[in-house]
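Alright, structures below, take your time with them.
The same chain A turns up in both complexes below, where it pairs with chain B and then with chain C.
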Partner chain A sequence: MLDVSTRDIKKGVIISITGDVDLYSSPEVRKVIIDLTDKKTKNILVDLSSVSYMDSSGVATLVEGLQQVGKYGGKLMLFGLEAAVKEVFELSRLDKVFEIYPDEQTALDHLKK
Partner chain B sequence: MQLEQLQEELRQLRTRVDNLSSLIEVSIIINSTLDLDEVINLVMEKAQSVMRAEASSVMLINEETGMLECEVALGEVGSQVKEKIVLQIGEGIAGWVAKTGEPLIVPDAPSDPRFARKVDEETGFQTRSILAVPLIVKDRIIGVAEVINRVDGRPFSEDDLHLFSTFGRQVALAIENARMHRYMLERQKLEQQLEAARIIQESFMPQTFPTSSKDQFQVFAKTQPAASIGGDFYDFIEYDNNKLGLVMGDVSGKGIPAALYMARLVSDFRFYTQIEGTVADTLDKVNRLLVERGRRGMFVTLQYILADLDTGELEIASAGHLPAIHIRAKARECIPIEVEGGVPLGILPHFHFKTRRLRLSHGDYVICFTDGIIEAKNRHGNHFSLSRLLNFLNRSWLSPDDIVESLIGEVNHFFRGAEQHDDLTVLAFQWC
Partner chain C sequence: MEKEAIIQVRDLVTYYGNRQILKGVNLDIYRGEILVILGRSGCGKSTLLRHLIGLMKPSRGQILIKGRDITTMNEDEMREILKKIGMLFQGAALFNSMTVGENVALPLREHTQLEDSTIQIMTRIKLDLVGLAGFENFKPSQLSGGMKKRAGLARALAMDPEILFCDEPSAGLDPVVAMGIDQLILKLKNAFKMTIVVVTHELASVFTIADRIAMLHEGEIIFQGTAEEIQNSKHPIVQQFLNREADDVEPDREKYLHSLVKS
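What follows is the complex of A and B.
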């Protein structure tokens, strides 16, 4: 089962995802992200530390979020990727497309800069 | 006296025959239609009349909310009950039965502490007595059936309970049948969609492979689609100046959207390859087109190799696709052809791709593949991996189809017993 929750921070929102993100569950993640991009949330940080599997439908959802924030000059950052998920991003060179940080603190530090 | 006794026995026997025939009728109803509402309605109408009750209802547990919701309510205020009444598990008589899984006779409802008054308050109905049984499917409580107020004013008896329990089992069975049917229909629908996706995918792949009149090259490619259909594809583009284009890609997502995206991409790609420029220029143009078209974050990893069949020179560009592998026939070595940069197409509008050049020797092979190959997982959760692939390819081969068939066979052998999650696609080119 997938769980998606959001938490407001000073400069934006952190989305925490727990579970596998695939063809079946990605619409749920998409809904949360699109709700935030519709509101033009400046910074969206996605916590993937509790995601052990993500397929290309899941990645596409994050890509869509990235494209949406790009339209209003916002940011979408990822952090806490597990090795298997990180590999999905690296294999298709998506690590060059997204801002990816090891953990929440590093991502937040980067926001301050 | 004896006559009276016989008459009483006869009356009881008649009742039993009536009850049995009504149960037979119920089983006929259940087998005659798969419309859940209709079945429950008909069964409860029958139950209500046999039980000689004023009203009846079936409440089912909503799996998402965990609440008891009214599926069918018959009697004077049936429609109001159906619209308004939702109970928590444990709330009211029905809630108690749903919680405990025990049937219950309530001779005087208003004086029973478990009774939920809100139903009567909202509808104006006066509940006197209730008989409630749980609906159980495979040891799981799915709801509660109730009959309310015997017409003769007496409370429900143990005999009533026994008979109504049988009705309850029939209703549970009918619900299970209808749910199974609905599940099968949905599954069938999904399978039809996947079949459509497969047809789209296959119809946009080359049905025949290009051949060389001067025996300059050989090519072969194959896709083994996964059950849920990934978006793998390949294409060959033949040019007048004795060049051959090899294309391999993998569209994000699965099913019909991925298949349609791929179909459109294959024809667009062919169009853009006809415009002057390097292979990287072609990727730049297709990338911009896909970004503009922007479909729900869909993207594609793609590799484009242009082979000069006279010189053996390759131009290679990659958009986030796994590196092709160069099998050097004479040196007996396999080397991944790394290309600088290259993010998937359809994401970053102003990205500029790079072209890498490489010269083949006669007899060399170039192998393109998708991530389904190296990410194929066996029962122990191990991936086929790039190193295993390089190791496997490093031997002498008879032809491109020998490589493609052997490799797909090897990957199938590797994950035997485990599920195939992604398409397996391999393309092999040999410069002869």
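What follows is the complex of A and C.
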């Protein structure tokens, strides 16, 4: 089961995902991200600390989010990736494309810069 | 850690008409390994593979995938199992009327509710993985043999399978291109911890990729073990295969004549 929730912060929104992001659940993640990018949310931070499995549909969904925020000069950042999830990004060489931070605080610190 | 058998073949027997093709095959395939099924043409290895992906039902025996017997499954149950299984066919089996990208995207369009935009990105990720970034809009006929195999592999990977089956992945390729495919198979195993079953008779490929080898001869498994163990095997058929010796053909004149003139 997948749970996707959002929390407003001063400079944007944090999306917290809990569960496996796969072919069947990633549309749920997409919906939340696209809702936010449609509203041109300036900064979207995605908390992946409770995601132990993500397949390429999950990765593709986040790439789509990144593409959308790029259109209006927003930011999409990821934090809290478990080793297995990080590996999926590394394999597709997307660890270089995304801004990835170890935890929420570090991600927020980067926003302040 | 105890090895988990993700596929268990139990006493598999199958016939084509009256001819027995598989004669009680028993085989365990462990999660995360590359198992090579080796054997001469006509030994039953492609038939075994067809059973493993549910294309054929055996006359007797069981095939358990993650503990569930696929030989008794109905079409719907089998379809669910197949979603986590990728298959690279011998001739890559791409649709010539579609572009490479459309071929790779096909399983996702058929089996998921993903948005087209997501599928497109996934397709590009897979093509990049097999070294075909930028070939999305090419037609299969515009690709070389090795590139077709890579495209077939990208399609087999479309649904992020747990198990990948490859039927003669290096057949018909020159040694350098074949080596490239072998390296790609190794990369997939290491990167995705995928369980990979390769059917082949190419020895060079076997020693490059296999964690374990099962040798099939006339419908029976005559050897199971590592690459080192097979080289030390004293089994005459295994030895003949490894040493590439031709069959000793001493024709029985009477029998031959009879076969030519029988009415």
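Quick notes on this structure:
Definition applied: the second predicted complex is superposed on the first by the 113 of 113 C-alpha atoms of A that agree within 3 Å, B and C clash if a C-alpha of one lies under 4 Å from a C-alpha of the other, contacts with A are read in each partner's own complex, and residues count from 1 in each chain.
Here, contacts are C-beta pairs under 8 Å (C-beta built on N, C-alpha and C of every residue); 3 or more make two chains touch, one makes a residue touch a chain.
Fair warning: this is a prediction, and the values are worked out from it, not measured in the lab.
In the superposition on chain A, A:L111 makes contact with neither chain B nor chain C.
When the two structures are aligned on the shared chain, A:L23 is found in touch with chain B and with chain C.
In the superposition on chain A, A:V97 makes contact with chain B only, while chain C stays out of contact range. Contact with both chain B and chain C is seen for A:A60 once the two complexes are overlaid on the shared chain.
Once both structures are placed on chain A, chain A residues 23, 30, 55-57, 59-61, 63-64, 91-94 are touched by chain B and, in the other complex, by chain C. Remark: chain A residues 23, 30, 55-57, 59-67, 91-94, 96-97 touch chain B in the complex.
Residues 22-24, 26-27, 30, 55-57, 59-61, 63-64, 87, 91-94 of chain A are the ones touching chain C in the complex. By the touch rule above, chain C contacts chain A in their complex via residues 83, 108, 111-115, 117-119, 121-122, 125-126, 128-129, 159-160, 191-192. By the touch criterion given at the top, residues 228, 230-231, 250, 252-255, 291, 294, 296-299, 301, 320-322, 341-344, 346-348, 371, 375, 421 of chain B touch chain A in their complex.
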